[in-house]
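Got a structure here, written out as structure tokens. Questions coming.
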Amino acid sequence: MRRYFARKLLTYSLTFIAAVTVDWAIPRLMPGNPIDDLLARIGTRCNTREQCDAISSYFYNVFGLHKPLWVQYLTFWKALFQGNLGISVMSFPEPVSTLIKNAIPYTLGLLVPAILLSFWAGNKVGALAARRKILDNTVLPLSYTLTATPYQWLAMVLAWTFAVTWRFFPISGGYDPLRTPSWSFGFAGDLLYHWFLPFASLFLVQFGGWAIGMRNMIIYELESDYAHYLEALGAPRKLVRKYAYRNALLPQISGLALAIGAIVGGALVTEIVFGYPGVGSLILSAINNKDYFAIQGIFLFIIVGVLIANFIVDIMYVIIDPRTRIGMQGGS
Amino acid sequence: MTRSDQKHDGLATGASTAAVASGAAGGAAVDVPSPKVRTINRRFEFLYFAIRNNKLILGLSIVIICFLIAIIGPLLAKYSPFQYTTSYWSPPSSRHWFGTTQDGRDVYAQFAAGMRSAFLIGTIGGVIASVVAMLVGFTAGYRAGIVDEILSMVTNIFLVIPAFAVLLVIAGFLHNVSIPVEGLLVGLLSWPWAARALRAQTFSLVARDFIGMARLSAQNSWRIIFREIAPNMSSYLFMMFILLFGGAILISATIDFIGLGPQFTFTLGKMMNEAQTNSGLLLGMWWWFIPPGIAITAIVGGLYIMNVGLDEVFNPRLREM
Amino acid sequence: MVSRRKMAIAIGVMVVTLVALVAASMGGASTKAARNHTLITGGKQWGTVNGYNVYNGQYATGAVGLVYETLMRYDPLTDKYIPWLATSAGFSGKTYTITVRSGIKWSDGSALTAADVAYTLNLGQYATASWHTLWAKTGGATASGDNVTMTFTGTPNYQEFQNAIWNIPIVQKAQWSAGVHSASDVTTFLADPTKVPIGTGPYTLDHSGTGDGTVKVEYSRKDSWWATSIGEPMPQPLVIDDLVNSSNNIALGLVIHGDEDLNNNYLPGITKLLSSGYGIVTYFSKPPYNLAANTAWLVPNTKRAPMNNASFRRALAYAINVNQVVVGDYGNLVQKADSTGLLSVWKKYINTSLTKKYGFKYSPSKAVSILKSAGFKKKGKWFVQPNGKSIKLGLIVPQGWSDWMTAINMMSADFRKVGINVTASYPANFFTLRNAGKFDLLIDNSAQISDTPWTYYNYMFNQPILSQQTFANFGRYTNNTAWGLSKALNAVPVHSTAAMNKVISKIQKITLTQMPLIPLWYNGVWAQMNNTVWTNWPAGASSRHYFPCMWNGYFQMTAIDTIANVKAK
Amino acid sequence: MSLRVENLKVYYRTLAGDVQALDGVTFGIADGEIMGLAGESGCGKSTLGNSLIYLSGRMKYVDGSVELDNKELPIADMHEMDRFRYKEVSIIPQYAMSALNPTRKIGKMAKEIIESRGVDYHSILPEFTRRLELVGLSDDVLRMFSLELSGGMKQRAVMVLSTLLNPSLLIADEITSALDVSTQKAVAEMLVEFRDRGFVKSMMVVTHDLSILHQIADTILVMYAGHLAEKAAAEVIINNPRHPYTRLLISSLPEVGVTYAKKRLTGIAGTPPALLHPPTGCRFKERCPLAFEKCVEQPPFIEVDKGHFVACWKEI
């Protein structure tokens, strides 16, 4: 067990180091200079060379861009461990970490329910559909359509239908801007009201994927030896399906770990369509404003989030699947 | 990473695809004596089931139709995708089959060009990802030991890093990626799951007798890999390529939608991006953003359905009677 | 068991939907209450609210105008200065004297004094203040009684100084002197949405409403405002919410639904919606719909061949079909620019006899003949330079500026039509390229509407050329005569129109013949207003000739009048 | 007579058409009889074994009847058949190694199966552990997952589980083929033990391995290409077979103990006919050294001696 987790931790640490290095290197390898954009944005003028130098060296100092590369790299790490992701250019002088902190609740609020509910519902429905003609012929094509749909497109279609044409839901935002965030029933309702469409589009696309995955997996399980044995002993279909479902769930869970990165990507574009004030909208404005520090910070944040999510899934898997657990006991 | 990762379950469902390849021939009483007759029969059998598999036929038809649109579509367009006409935001008409954008460009022309880009990027991304996956997967599975350890670690690292985020950062700093560059980036980031699956398959194949024989006769490793191992997995490799192809289209559509894609070529994702940023939704210009989404869904969905069909063809246990 | 699961799924789905619908009805009902006291605006703030440092250029919407105010205001539509915190201000000789209005109180209750004004002006001692070079030419500001004086050591920069006076927001000495000790403090003090700015304007910042500044900045109206004593109406909105933009698309949605009363985004397609029952209005009901804000220029890099050739630049001007951009790209939301590039508010400075003689218009054949007579030859499809070198140019705008992206696509097609090989692109590092002079052609509109064409000419001819050009002369056009004339114009006292025209005519002849910049169109003061909650918006067809605009710099023109005059429906 | 099979026809459905895997077989098994069922791969012996308990999706009941203890088995009715499965007729499947759910502890799985059949697990548990001990397994296995057991242990656990409700007929399908020789022997002996102790009344042992049958079977039934070839007492089949196929089969074995599945039947020229479109008449006639005109008609399966049935025109 310890070896298994030590291995996992090593992989994740190496991943993290690689990600940080890539994150640090990319903007330094690319053409362009964030300071110019910052100066252009804030409209700082300089009429003489001295004034120009004074201003830009001030900003180079702020962002630490004047030091040798290796010092910058070490500083980057040091700052990272202090939770310092740098200063945003678009929201100068706001720290990037603050921007992310503000956006996280919205993104998590979308992602976590969408992942859990779609995983739950998709697996249930996929299991129901397997080897049942009518259900299979309806659920399967629908699921294939859903899972092949680009997240942003489903979001656009939902927005167009329910927010623009029928006006059942608001078209954008995380809550009514007239409201002041508070722990009240009314505000919570308003949050839900704005949350529903982005959630629905995330949910639906993922739902399709899980339903298909489960449908295919469970057919394998239903055709497996232990299932046939149960049937030969006259065990009711219910029991056979129960066993098949449980076993089919295991690869689905490891699929979940693999899918997290993609789902996060889906959440980002969904937020963009709905102007939902989460990390996705933040990264879009960072890109539009060439806020490299924000882009870097958000990238790291996403990586860390995905790593943590993967680790949780790993632990879950070990708890659920006796095979890994026993295999590990044998190994240690 | 795209949902092709989830879809890898579809391929994992195809785990017994390898069982088929390994010779546990399906079909009840098809007793086939000599190996030679056997392969011929097998091929015939696959074809036999292939042309009778509704999913495969449906998926393949959709993909072929889309492919034809990509090939012939641009030739039929009366305008270039970047050409500004004087009819602004007009709905579909005989002059503009798919209507026009707010600045008077022909949506059909953009759509047809976008279809072409989709197949191009799917091919480039799919091929590159497949090649990397094969190199890494075969080597790790065949060599085992320390080579495997290192390659597996690298694979796991790439597997965990969300490719989408990396693409976002790279594309955000690179300005104006071209379709080939985008395809390259997508390909270089979407191989890990495929490599991992291939490694496992290779492991089980290497354990088999005939590979052992080849090994004993001291043949060159790559020769063994490409003479003995790869052909035995051809069905598996083909299905893997299909998933990587579809995945590349989906990832690139996402990147393009954010506005980080090619500037001088139309893609389906770019169309959605322009429709979104120019308020096509609010202005009710459905003809602008509906076609690209349907096209992506059709191509990718068609590929997925085709894949399930193939899985059933290659794997008798899944065939429904 | 299975049926129970099915039921659980069904119930789950129903519950989620139901909750959302209930939430929907609640959400809809309770927001309406305060709505008719709340003015909702948007279109200026991208990203989060950046705090209240009014000298760093990224301050929260309304920080200047609603909270901080200036000594004077300027109305470009009537070309009149409006005394504001100062009752009078002007040169006598080399000394500029400001008389500070009495009876004005800061929002903390203390009185505005000449010391506050002098302190503010003396922030110019720091290099990061935009009036630093101006300040350096004086002996600094000194307060005595209600007066503040500044004395120039050489010839005063009349035009520049006057422009600065109505653009520098006055801050409270007590608050600022406690926090500002260095050049960097000047641009960072209060640059944090949790800080409290103390101003003289009609509104104060509402922290609880603003929150973390990711959604909006909120202002509450004060009980009284000094300006009512000089006839300004007390603004009706008790609350002003300026929303953070996430995209033009979302802004349009808000305007359509009446969730935003005044929006200053560029919203292509807005004209389609004017007559569709949403209650949306614009300043003009016909093209160009909006007032002009600035000129979009084609900037040729004069340090590169063949853009260093005036005839070539002239040929470029003839080759561009600006009308196509105006109609096709902008849907008539902008107007084609005059050959001089000067905004219509500066009509009195345009020398029509010169424009008749040297002005240009769209004519591809003329472009070709200009090129040919200047020695350019056609080699196959493309023109080559007189020395035989090929011409292959790039035309750039910033990535994501969709209207300009479309415009350069159209323009490069125009250039190619006459045989000039130009390719459009949208580099992410546009500003780096622009400032460093690493480009062939680009579009820029940095010079804004102001009280004097001098700002335009300073933008065109500014010297010396530095390795980094941060605000002017991006084309690196070196013409000592023109730069000298621009400086001469700066040295003409503000109200001497005749003397100004004499210099300006000379400059115009240079701009029309040398074409350091090619004027394209006038970008609008994008403004779409919704009549559903608030009415009495500025309109060309009414007597309310104000800028309906929340952008930086517009409050001290006439945007504050827009706020003061809106009425609840 | 415990089992009576009458003209049973079960086909395999394939996309190419029906494979006539079991084409009209008639035989019986007496109370207490252990009948061996032998034949080459694809001769229909597994189909016969499986069709008595569970017709999988692709098996199609065509004709015939099956009676167990004078009760008609509704083998074509998947649902009706459930009443008989496990309690009246049970199976040790060919895939016994993988018959146990990998993610359930064996005891829990047994509990769930048994309770699903309406039997109280707790009252049967003592008998369960007793029988496990009989086959050399401690009751610890109940708290283990299948992957913690060796192949032989799994096999024995399945044997005990399959026979726990004392079925009248047990079908043991190729249960020894995956085991090593010594374990094979032990398992075979346990089967006899189970019969002797009355855990099962009669048994049908499907196998490739004639030596095992020689060791434990009372009678042996030989199948060829979906038809019955010969049935007689085990000694008779081994020492005095009368069907040409059985004779060739026995004589082609270099020695008893070598399974014919692993070696091609070099002694018999040709291959068995494809059952998709089987030839008329005797299905062995293409390979039969004794074939003559009469063989174009199908020979009846008749008793030529006491308890000795043969389907061959030469023997009539």
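Observations
Should a chain be cited, it is by its letter among A, B, C and D, assigned in written order, with residues numbered from 1 in that chain.
Heads up, the rule we're going with is that a residue touches a chain if its C-beta (ideal position, glycine included) is under 8 Å from a C-beta of that chain, and two chains touch if they have at least 3 such contacts.
Since the structure is predicted, the reported quantities are computational estimates derived from the model, not experimental observations.
Within the contact network of the assembly, the step distance from chain C to chain D comes to 2. Contact tally for B-C versus A-B: the pair with more C-beta pairs in contact is A-B.
Distance from the centre of chain D peaks at C, each centre being the average of the chain's Cα atoms. The central chain here, found by comparing per-chain C-alpha centres with the mean of all protein C-alpha atoms, is A.
As a whole-number value, the distance joining the C-alpha centres of chain B and chain C reads 48 Å.
Rounded to whole angstrom units, the spacing between the C-alpha centres of chain A and chain B is 22.
Taking each chain's centre as the average of its CA atoms, chain A and chain D sit 55 Å apart. In chain B, the residues touching two or more other chains are 172-175, 259, 276, 281-282. Looking at chain D, one finds that none of its residues touch two or more other chains.
In chain A, 31-32, 164, 171, 238, 272, 284, 287-288 are the positions where the chain touches two or more neighbouring chains simultaneously. For chain C in complex with chain A, the residues that touch the partner chain are 1-2, 5-6, 9, 12-13, 16, 19-20, 22-24, 26-27, 30-31, 34-35, 38, 40, 46-48, 50-51, 56-58, 127-128, 130, 132-133, 183-184, 187-188, 191-192, 208-209, 211-212, 214-216, 241, 243, 246-247, 249-250, 253-254, 257, 259, 400, 427-429, 431-432, 434-436, 462, 464, 466, 468, 470-471. On the side of chain B, the complex with chain A involves touching residues 1-3, 5-10, 12-13, 15-16, 153, 156-157, 159-166, 168-170, 172-175, 193, 246, 250-251, 253-254, 257-260, 269, 272, 275-276, 281-282, 284, 286, 289-290, 292-293, 296-305, 308, 311, 317-318. For chain D in complex with chain A, the touching residues are 50, 53-54, 56, 81-87, 90-91, 93, 95, 98-105, 112-113, 116-117, 145, 147-148, 158, 162. In the complex of the two chains, the chain C residues touching chain B come out as 247-249, 252-253, 256, 267-269, 272-273, 324, 327-329, 331, 399-400, 402, 406, 409-410, 413, 425-429. Residue ranges of chain A in contact with chain D, taken from their complex: 224-226, 228-236, 238-239, 243, 246-247, 250, 321-323, 326-327.
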